[in-house]
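The same subunit A turns up in both complexes below, where it pairs with subunit B and then with subunit C.
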Partner chain A sequence: MSVPRASGYFRTSYREDQRLLDTRSQRSWFVVFALAMLGFPLLAGTFALDLANQVLLASIGAVALMLLTGYAGQISLGHAGLMAAGAFTAGILFKELAAPFWATVPASAAVGALLGLAFGLPSLRLRGLYLAVSTLALHFIVIYAGSEYETRRGFSTGVVIDSPIADARAWYYVLLAFAAAAVLVSLNLLRSRTGRAWRAIRARDTVAGALGIGVQGAKLSAFVISSALAALSGCLFAYYRGFVSAEAFSLYLTIQYVAMIIIGGMGSILGALLGSVFVVLFPYAIEAAMKSVGLAEQLSSLLFAVNYAAFGLVMILFLVLEPLGLVGIWRRVQDWLLLWPFRQKPL
Partner chain B sequence: MQLAVNVLVLASIYALVSCGYVLIYRTSRVLSLAHGELMMLGAYGLVMTASLFRGHPLIAIAASAGLAGVVGLLVYALLMRRMTGEAVLAAVLTTIALGILLRGSMLLIWGAQEYHPLRALELPNPSLPVASARISAVALALVLSTAAVYAGLWAFLRFGAWGIRMRAAGQNPLLAAQRGVGLHGVYALAWALATFTGGLAGMLIASDAALEQTMVVIGLKAFPAALVGGLDSLLGALAGSLIVATAEVLLIHYVDPLVSDVAPFVVLLAMLVVRPWGLFGTREELDRV
Partner chain C sequence: MLSVRKLEVTYHRVVTAIQGVSLDVPKGKIVALLGSNGAGKTTTLRALSGFLGLDDARITEGSITYAGRELANQAPHRIARMGIALVPERNKVFDNLTVAENLRVPVGKGTLEAAIYEYFPALARLRSREAGLLSGGERQMLAIGSALMCAPQLLLVDELSLGLSPLMVHELVERLRAVRLALGTTMLLVEQNAQVALEIADYGYVMENGRVVLDGTPERLRSHEDIREFYLGIGGTARRSYREVKQYRRSRRWFG
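Moving on to the complex of A and B:
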């Protein structure tokens, strides 16, 4: 929305300016994409389906973090803590009350929203680095609470959850629905008053306040909405894995999500999606590459270490060489294609 | 009494680690979250030099300490130099990414098994009596070297020509640069010193217990200590380490050993609510709403 087009497309009303799909080619490509997404499980094998499910799960979390960091500009290092909160809400409700799926999902979103309020309160006084550090501290507290529950109740290795959805194909459609809903909600938020307030705050919060935006309310709303989404993705993650454990939500998970929005490209929902695809598929790509070189047998015990090192390296490369991320590359390709059929040399 | 000794040892560990955070932050306004990994790299360096200079423990220790400083220089020259002038988040994330890269590479090179550098150096680690408590020789060395490092840093920043340049660059980089201070040199020096002290801490911790993967956590836990005291104050780092270590040891002793990983962060959160710039930090430096 509101990206200027090269030529031929004129917007004559705000309604047109706000449209999510504003050209005919975008609409037709969207239909193709939607059909491909819906038809994917009919063709894919179990492994590809599992990968797709992981990508969809990650994309919900990445969109949540993108709203907070990429649009509202509030740096958070507590993302894994929020996801853990959602997962543990689901686990505890399931174990203690035998709550069904349709009850735990909204419950964990509600817990996430409440925690988001707690994570967001420091943002009223702190900015930048100090805010990041306070969310980091909250992350450790949430994880501690989770592991405390595990040890107190005797689930020392983790809480087992029975999922109502057993089939990977059914999971795919459920996750696709959740991810599509998350993206749609985010896009709608972003083109409304809330989203504009967030972007203004990201640019400079003093000016945003002078423009009549309730800075504190908007910051808190960013934290609450993002945290609710993150907790929701944590809850789905718990059901998908059938297992909740505090170890799964380490600081590394936060870093992975931050990497998704960095690699994808800050300030773009498309970036969050591309980043989650990249980060989720990356370790599998490394493994496949090692297998094709024939190193997999010798290095199978070291695969984890190779992944770790390569992931750090890729993150550094993106931060140093391509700060706009995959979306930046995509935009450049689009700009270049505008000159089609390349009769004239670009200036 | 034993509790007091434990607090002292833990506080000096945190102090020795957190002065690296403070050095880098007060000179270049970058928060290095790769400090735990750099610390561990220092410890692996000791393992390496110990097998290289077998029978000469002093040479091995000196070589690995020097190596740690060189690593810091390289980190700045090859990576962080490119991030000067970028947004705060980008620089912090670069250090996080560097940490991941280092951890993966260390796992690749040295594997996941435990190392005992002290055994490789063929040095004993006797337990010495202090009044009614006991302290191991390496822990005592740790306390002493922390004191030495802080005294050295104080003298260096107070009287040394490079130390004064470092303070100038920290206070106002633009003015300092116009007065002829080479910012890149100063920043590189800060990174080298921070990695040197961090590496020293890593070596001593590894010698006292063992070198294993959990060492990174110590680096992460020392960070609240630096923040509680104020990120741009060395004195603050000392005080913060003492506070955090006291809270941690007492909580472990009287409440629950599981608390040990959260205790520093609870202290940090309390501090951020009450006095976000820390005990001794400069108030106007803080990016505060």
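Moving on to the complex of A and C:
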């Protein structure tokens, strides 16, 4: 259910209350946005398409983490591990059984769901930092298992996968379809009783229990669905790159995903999408900025360090100055536009 | 409907919080559980609603029977699904959800939502507002409304009047009366404010030091010397320190 952003909107039925797009203006803007997304590859070059594909891949993982942490309130540092699990499932099925794309994708999601169930169990007894550490164990176990597979099967540089899609433009549409499906499924889940239960246990799990919500079941369902989605994103990543390696799923990747939901804005699917755009494009923006001031060549050896430092700084700035993230800024801009020329809503 | 017999609750396996507590809540009635801070009211309520485990407490003796079924040491959501809804003392609403979403948490679709807005009209105009932005009285209305969305047979309300103005408390009491009249919901109110509790209840129990020390109809309780002096502030020889009363006079009178 969306919150009305201005006066004059009246909802007279439960159905209207649950609509994703509330007003004619929202529907019009959505059509414009959808057309822009569909038309983007026709105008974009190879580099821009690759960036867009990276954003779409990241957005699926960010939405997965947002469901678990931003909505259900369960901290996870194991999402890079879950993506690795999805990628390795695709790699192993491809190498060992020559499984096709349409079989490896659901298999990866199923493996992710099983891992989510197993590593969601500690959440029934643990909270906060303790839960975070227990999910971190998942990351190390999966990465260790993946490395072992690479070593034992002689794929020391990684598992090569033949992608059924070669063209970057075709990939864009495939990834756009998966990302749109992930967003739509998530939004629908959040409108359902399951989604309300997740948000309720994030706020007050005791009150949720008093109202008949099975807190343990809700936590586990959040882990399972989020993990399946993260593993799916890992599987797509493996096909997109045509390559699976344990080194691609470092702890830094987990931190990047946590950054996406913090910078984007906790408790918002739009926040997850904005965060994934920001975090994927940020290193390129830094590089472009350094080039524009003529420092790129002098500091080329320090590019990675500058990137890390700038990334850390941005995280701190968002945490301190804008805890609601990019989505908070976006809502303030909307409010400003809706209220102009006034500055405050009346009582 | 609800029958508690010789209930004993122990915290951390060693500290006995309540002992030998017996009470009955007949169907369709409003029963008040009175007592000062630390008397054991909230512990009794937690035992009834299944929340003892949160504080490392457990029922070590006695029984709680609801509609013929044993409730002792059941999980909170199972108790809620049996038809017992709790309105907690503090932190009772989901701040990150709107009023309408709060009401829909316990159910799939808002079937009873319209009825809740009839009992609490103030909530209807706030339905799109996040619960974190509500006032204390509005939160209490929303918490009661959310509990009623479970269509409970028995409503447990912890400290209805806590932190609210007398006008708001009066309004809430009227609303609860209307709910009882319309839905026939049985209620157990845990209160420190005896004035409020005895205004609405059909029967009352008084707890002190983990035991039920007095029970009766509101008329009987109102006329009791100790209730008049220590809960209603009527009569007595001189204005006493509440702590002294609690430590000495009251215990001497009730426990001999």
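The definition used in the following text is that the second predicted complex is superposed on the first by the 338 of 347 C-alpha atoms of A that agree within 3 Å, B and C clash if a C-alpha of one lies under 4 Å from a C-alpha of the other, contacts with A are read in each partner's own complex, and residues count from 1 in each chain.
One rule holds for everything that comes next: a residue touches a chain if its C-beta (ideal position, glycine included) is under 8 Å from a C-beta of that chain, and two chains touch if they have at least 3 such contacts.
Please read these numbers as outputs of a predicted model, since none were measured by experiment.
Novice: Figure out whether A:Gly214 sits in contact with subunit B (first) or subunit C (second), or with both, or with neither.
Specialist: second
Novice: So, does A:Glu247 touch the first partner subunit B, the second partner subunit C, both, or neither?
Specialist: In the superposed model, A:Glu247 contacts neither subunit B nor subunit C.
Novice: On the A-aligned overlay, A:Asp167 touches which partner chain: subunit B = first, subunit C = second, or both, or neither?
Specialist: neither
Novice: Counting only touches as set out at the top, which of subunit B and subunit C does A:Val258 meet: first, second, both, neither?
Specialist: first
Novice: Go through the superposed model and pick first if A:Gly128 touches only subunit B, second if only subunit C, both, or neither.
Specialist: So A:Gly128 only meets subunit B here.
Novice: Tell me which touches more residues of subunit A here: subunit C or subunit B.
Specialist: If we count touched residues of subunit A for both partners, the winner is B.
Novice: Kindly list the residues of subunit A that each of subunit B and subunit C touches, one partner per complex.
Specialist: After superposing on chain A, no subunit A residue contacts both subunit B and subunit C.
Novice: For subunit A, which residues count as touching subunit B in their complex?
Specialist: 69, 75, 122-130, 132-134, 136-138, 140-141, 144, 147-148, 151, 205, 251-252, 255, 258-259, 262, 302, 304-313, 315-316, 319-320, 323
Novice: Quick one: in the complex, what on subunit A touches subunit C?
Specialist: 1, 3-4, 14, 17, 192-193, 196-197, 199-200, 202-204, 206-215, 267
Novice: Where on subunit C does subunit A make contact in their complex?
Specialist: 49-51, 54, 75-77, 80-81, 85-88, 91-98, 100-101, 104-110, 113, 128, 130, 143, 146-147, 149-150
Novice: Would you pull the subunit B residues touching subunit A in the complex into a rising list?
Specialist: It comes out as residues 31, 79, 82-83, 86, 88-90, 92-94, 96-105, 107-108, 220, 223-224, 227, 258-259, 261-262, 265-266, 268-269, 272-273, 276, 286-289.
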